[in-house]
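In the two complexes that follow, chain A is the common piece, with chain B as its partner first and chain C second.
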Partner chain A sequence: MAVADPIARLVKELARLPGIGEKTAQRLAFHILKAGPAYAGELAGAIAGVVRDVRLCSGCQTLTDKDPCAVCADPRRDPRVICVVEGVPDLLAIERTHEFRGRYHVLHGALSPLDGIGPSELKIRELLVRLEREPADEIVVATNPDVEGEATALYLSKLLKPLGVKVSRIAQGIPMGGDLEYADQVTLARALAGRREL
Partner chain B sequence: MKLLSLAVKDFRNLAEVVLAPSPRATVLLGENGQGKTNLLEAIYFLTTLKPLRAARLVELVRHGAERGEVAGDFDGPGGVRRVAVQVAAGGRVALLDGKPQERLDDYFEGLAAVCFAPDDLLLVKGGPEGRRRFLDRAAFNRWPAVLGEARDYVRALRARNAALRGGVAEVEASFRAPLARAGARLVRRRQALVDELAPRVGAAFREISGPGAPDARFAYRPSAGLSGEGSEAELTAALDAALGARLERDRDRGFTSAGPHMDELVLALDGRGARAYASQGQQRALVLALKIAEIENLRSALGRPPLLLLDDVSSELDPAKNRYLLAYLAALPAQAFLTTTDRRLLEPAAGPDTTFYRVERGVVTPLVS
Partner chain C sequence: MRGYGPSVPDRLKLTALVLRAVDYGESDRIVTLLTHERGKVSAFARAARASRRRFGGALEPFTLVAAEARERAGSDMLGLDSVAVLRAHGAIRGDLARIACAGYASELARELVRDHEPHAELLALLLEYLGALDAAPARPAALRAFELGALRAAGLMPRLDACASCGGPVPAQGRVRFDPAQGGTLCPACAPQAAPGAPWLSAGAAAALARLQAAGLGGAEAALSPAIGREARDALAAFIEHHLGRRLAARRFLDEIGPLLGD
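Then we have the complex of A and B:
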C-alpha cells in the first residue's frame, strides 16, 4: 500500500471487522485521521473500555458492566420465572415490551451440530447451577422458532422437566396489529396448524 | 402473467440480451452451444429463483463478470411489475420494482414456469432423486411456500445428520422433532400435489398413446413404509417414530435413512413399474404426460397456464409425439419459449404471432420470418 505504515496498519485492522471490506476500511481510516486526535482518543478509549468493562452477569449471563446486572439486581423482578433467550438482542426485545416481570438467562447461541455448537458451548451448565442455588417455578423458553431454536428448546425441556420445574415455550403465529394478508405463508400455515378453539 | 420484455446481463454466455417476447410462442433458433438453453435458464431462474442445471448459483454468472442479472416486465392483474434477480458470488437478490425482497411471497405472486428439457426424458428411467426434484419443483410452482419449507427440511436434515455423527444422544433427540415436523410438512405437500396430478397424468397418457394404451398410474410412496395420507400431526408422529426406530442404524451410518429425501414417486403401466417394464417410447410418453398434467393442473389452479420453456424437445420425440405436443401447445393460450436447431420441427406450433430469434455465440437477434 502506498500510504504511511500507521494508516496501512489501521486499514488492515478495520478490514478484519465483519462486513467491512478493504475500501470501506480505507474510508474509515481516513475519516479517523481527519477527525483529529480527540476523536481518535475517544474511539480508542471506547474500544478498549468495552473489552475491559463488559463482562457476563454471574446470574443471567447477559452482557453487563455491573455484576449482577440491572435486571438480576432489581428486587421487583420475580426470580421464580426465568426466560431463556439465545442472545442479548432477544433479551432487549422482550424487555422493550415491559410485559415480562421475571428474570432472564442468555444462552449465547443455540444448538447447532453443523457449526460444532453443543450444549457445553452454551450457558446451559450455568443455568443448572443457578437453578440449584435459587429454584424457579417456570422456565419460559424463548429461543428462535427455527430448527436450531426448536431443538434447543426441546433439549432444555428434557433437561429441566426432571427437576420438577414447569417449562413453557412462547407461542408462534400471526403478529398482532398486522393484516392477515401481509403475513408470510410459513407463519400463516403454522398459525393455522396451531389454531385454538374459541 | 405475460412477460412483456426481458433483459439479461452477464448470465452464462449471454453478455447482454434484450428481448421482446411474443404473447404466445417465441422461438430461439441456433446451433448447439450458442446460448439457447442459457436464455431459457435465465427465464427459469427469473421465475423460480432456481437454476435449471447449475449446482451452484455462482456458475450462472458470465465468466469474467462479477454479477449477473435477469429482469423482466410482467403484465398481470395489478398492472406491469418489474421482476429482477441478481446473482453473484455472495448469493442472489430478488427485486420487485427495484426493491430487494426478503420475503418472496410478493415476488412469486403470479409467477409460474414449467420447463421441459431433454434431461427430463430420464425422469422415468433415472434415479429417484430426479423424480423427487420434479415433485418438489412442481409443488413449489403450485404453492410457493414450499420453497421455504423445503429449505427448512434440508437445514433440519443436515443438522440432525451432524448430530448423529456428533455422538451426543440428547442433542440428536432434540433435532429429531423439528426434522419430523419439517418432513411431515413436505410429505403432505407432495401427497397433495400427487393427488391433484394423478388423474391428469392418466388422462394425458391415454391421449398421447391413443386407444389400447396401458393404464398409467402415478403414486407417491414415502420412505419407511409411511403413508402420505392422514393429518400433518399424524405424519409428524409417524416420521418421528420411524426415525427413532432406525436410530441405531442411522447413527452407525451417520445419515438419516427415512424422510422426504428418501421418498419415491412411482410410475406404473398396467400395474407394472414403468422404470423396468415400459418401452422407451412409453417412458417418453409418460414424461410428456407428467409435464402436461403439471401444466393443466397449474392452469386450473391459477386460472391461466404457466410460462412454458421447451428446450429442444422436438428433436428428442418421435414424429407422432412431437405432433401431439405441438398441437397441444398451439391450442393452449400460454406464453412459451421454445429452442430448436431446426425451425421446421416447430412449424406446426408456430401461429401468426410467433416471434423468431437467432442465438449465435451469446448474441440474440430478432429474425424477420
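Then we have the complex of A and C:
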C-alpha cells in the first residue's frame, strides 16, 4: 500500500471489522487521522475499555459492566417471569416498550439447523442452572419469528415444560399500523393461525 | 430500434425454493435458491430485513416462491426484485423434528449440486419431501429415502442390491461391508479390499436401504426398527460425508438434538 505504515496498519485492522471493506476502512482511517489526537485517544480508550470492563451477567447473561446487571439487581423486577431473547439488542427493544417487568435471559444466538448451531453453543445450560437456583413461574420465549427463532422456541419448550414451568411465545402476525393488503402470505397465514377470541 | 442508453437487464421469472437466507449488512439478505430454470443460484435481496412489505416472510427457508430477478453486472449473484409465495410449508416451522429434517434435506440438496445447473429431479424430490413434512411428522425412513433419492439425482447412487466392486451377490444374512469409496455394499470376496474404517452393516439394514432405494420417497411408508434405523442413518451419513468431503452442518444439528426427538 502506498501510504505510511501506521495508516496501512490501521486500515488493515479496520477492514477486519464485519461489513467494512478496504475502501471504507481507508475512509475511516483518514477520518481518524484528520480528527486529531484527542479523538484518536478517546476512540482507542473506548475500544480498550469495552473489552476490559464488559462481561456477562452471571444471572441473565446480558453484557454488563456490573455483575449482577441493572435488571437482575432491581428488586422491583419480577424474578418469577423470565423473557428469553436471542441477543442484547432484543433485550433493549423489549425494555423500550416499558411493558415487561420480569427479568431476562440472553441466549447469544439461536439454534440453526442449516448452520449446525446446536443447543451447546447457546446459553441454555446457564438457563437451566439458573432455574434450579431461582425457580420461575413463566418463561416467555421472545426469539425471532424466523426458522432459527422457531426452532429455538420449540427446543426450549421441549426442555422446560417437563420441569413444570409455563412456557409462552410472543405473538406473531400483522404489525401495529400495518395494512392487511400489503401483508405477505406467510405473515398473514401466521396471524390467522394465531387468532384469539375477543 | 436499438436504444443508445445503458442496456436494461432482462427480467427473469423463476420458480424457486429458498434453501438458505443469510443477513448481509444493515438490512439486506443473500438467499440461496434452488430454481427450476437455473438450478442453484444466489440472489441479493436489497432491504429484505428493513422493509416487511418488500419480501415479508417469503425469503424464509423451505418456502417455494415465484421470483422476479435480474442479472447483475460483474456478479454471479442475481438481484431479487420481488417474490410471491407459492407454498410456505408453514407446518414445518411448528415442529422441531420437521425443522431439523427440512434443514438437513435443504443443505444436502444445496451441497450436491453446482451453481447454474438445473436439477429438475432434485428440486421435485425436495419439494415432495418438504410437502410430506408439511403434512405429517418427520419419519427416519422418509429422510433415508430422501437421501437415497438425492444421491441418485446427483449421480452418486450407492449400490445396495449387489457388490459395488464385482456385481456379485451380497449376503442375505449376517454382516455386509459398506464402503463409500467403492460406492456401496461389498460381497465377502471383495470385502477385504474395503477402505479402512468402512462401516459394517447388518444384512437387514442393507436390505432395508435397498428397499427404500427401490421404492423411493413415496414408498417409504414402513417404519424402520430403531436398530436398523441407526445403522442406515450412520451408513448414509458416512457415504455422504465421503463424497462431499465434510460432515453437513445440519447433520451435526440433527445428531445433537436427536436424543430429544427420540432419534
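FYI, the second predicted complex is superposed on the first by the 193 of 198 C-alpha atoms of A that agree within 3 Å, B and C clash if a C-alpha of one lies under 4 Å from a C-alpha of the other, contacts with A are read in each partner's own complex, and residues count from 1 in each chain.
FYI, contacts are C-beta pairs under 8 Å (C-beta built on N, C-alpha and C of every residue); 3 or more make two chains touch, one makes a residue touch a chain.
Nothing here was measured: the structure is a model prediction, and the numbers come from that model.
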Room on chain A for both chain B and chain C (clash or fit):
clash
Winner by number of chain A residues touched, once chain B and chain C are compared
C
First (chain B), second (chain C), both or neither: which does A:Gly19 touch?
second
Between chain B and chain C, whom does A:Pro119 touch in the aligned arrangement: first, second, both, or neither?
both
Once the structures are superposed on A, label A:His108 by its partner contacts, choosing first (chain B), second (chain C), both or neither.
neither
Which of the two partners, first being chain B and second being chain C, lies in contact with A:Leu154: first, second, both, or neither?
both
Is A:Pro175 in contact with chain B, with chain C, with both, or with neither (first, second, both, neither)?
second
Superposing both complexes on chain A puts chain C into chain B at one of 38-46, 164-172, 182-190 or 200-208, namely 38-46
Mind sorting out which residues of chain A both chain B and chain C touch, each in its own complex?
111-114, 118-119, 146-147, 150-151, 154-155, 158-159, 184-186, 189, 193
Residue positions on chain C within touch of chain A in the complex are 20, 25-26, 52-53, 55-58, 60-63, 84-85, 88, 90, 93-96, 99-100, 102-104, 106-107, 248-254, 256-257, 260
Seen from chain A, its contact residues with chain B in the complex are 111-114, 118-119, 146-148, 150-152, 154-155, 158-159, 184-186, 189, 193
Quick check: in the complex, which residue numbers of chain A touch chain C?
19, 111-120, 145-147, 150-151, 154-155, 158-159, 175, 178, 182-187, 189-190, 193
Residues of chain B that touch chain A when the two form their complex:
103, 105, 143-145, 148-149, 152, 155-156, 158-160, 162-163, 165-166, 168, 170-171, 173-175, 177-179, 182, 185, 232-233
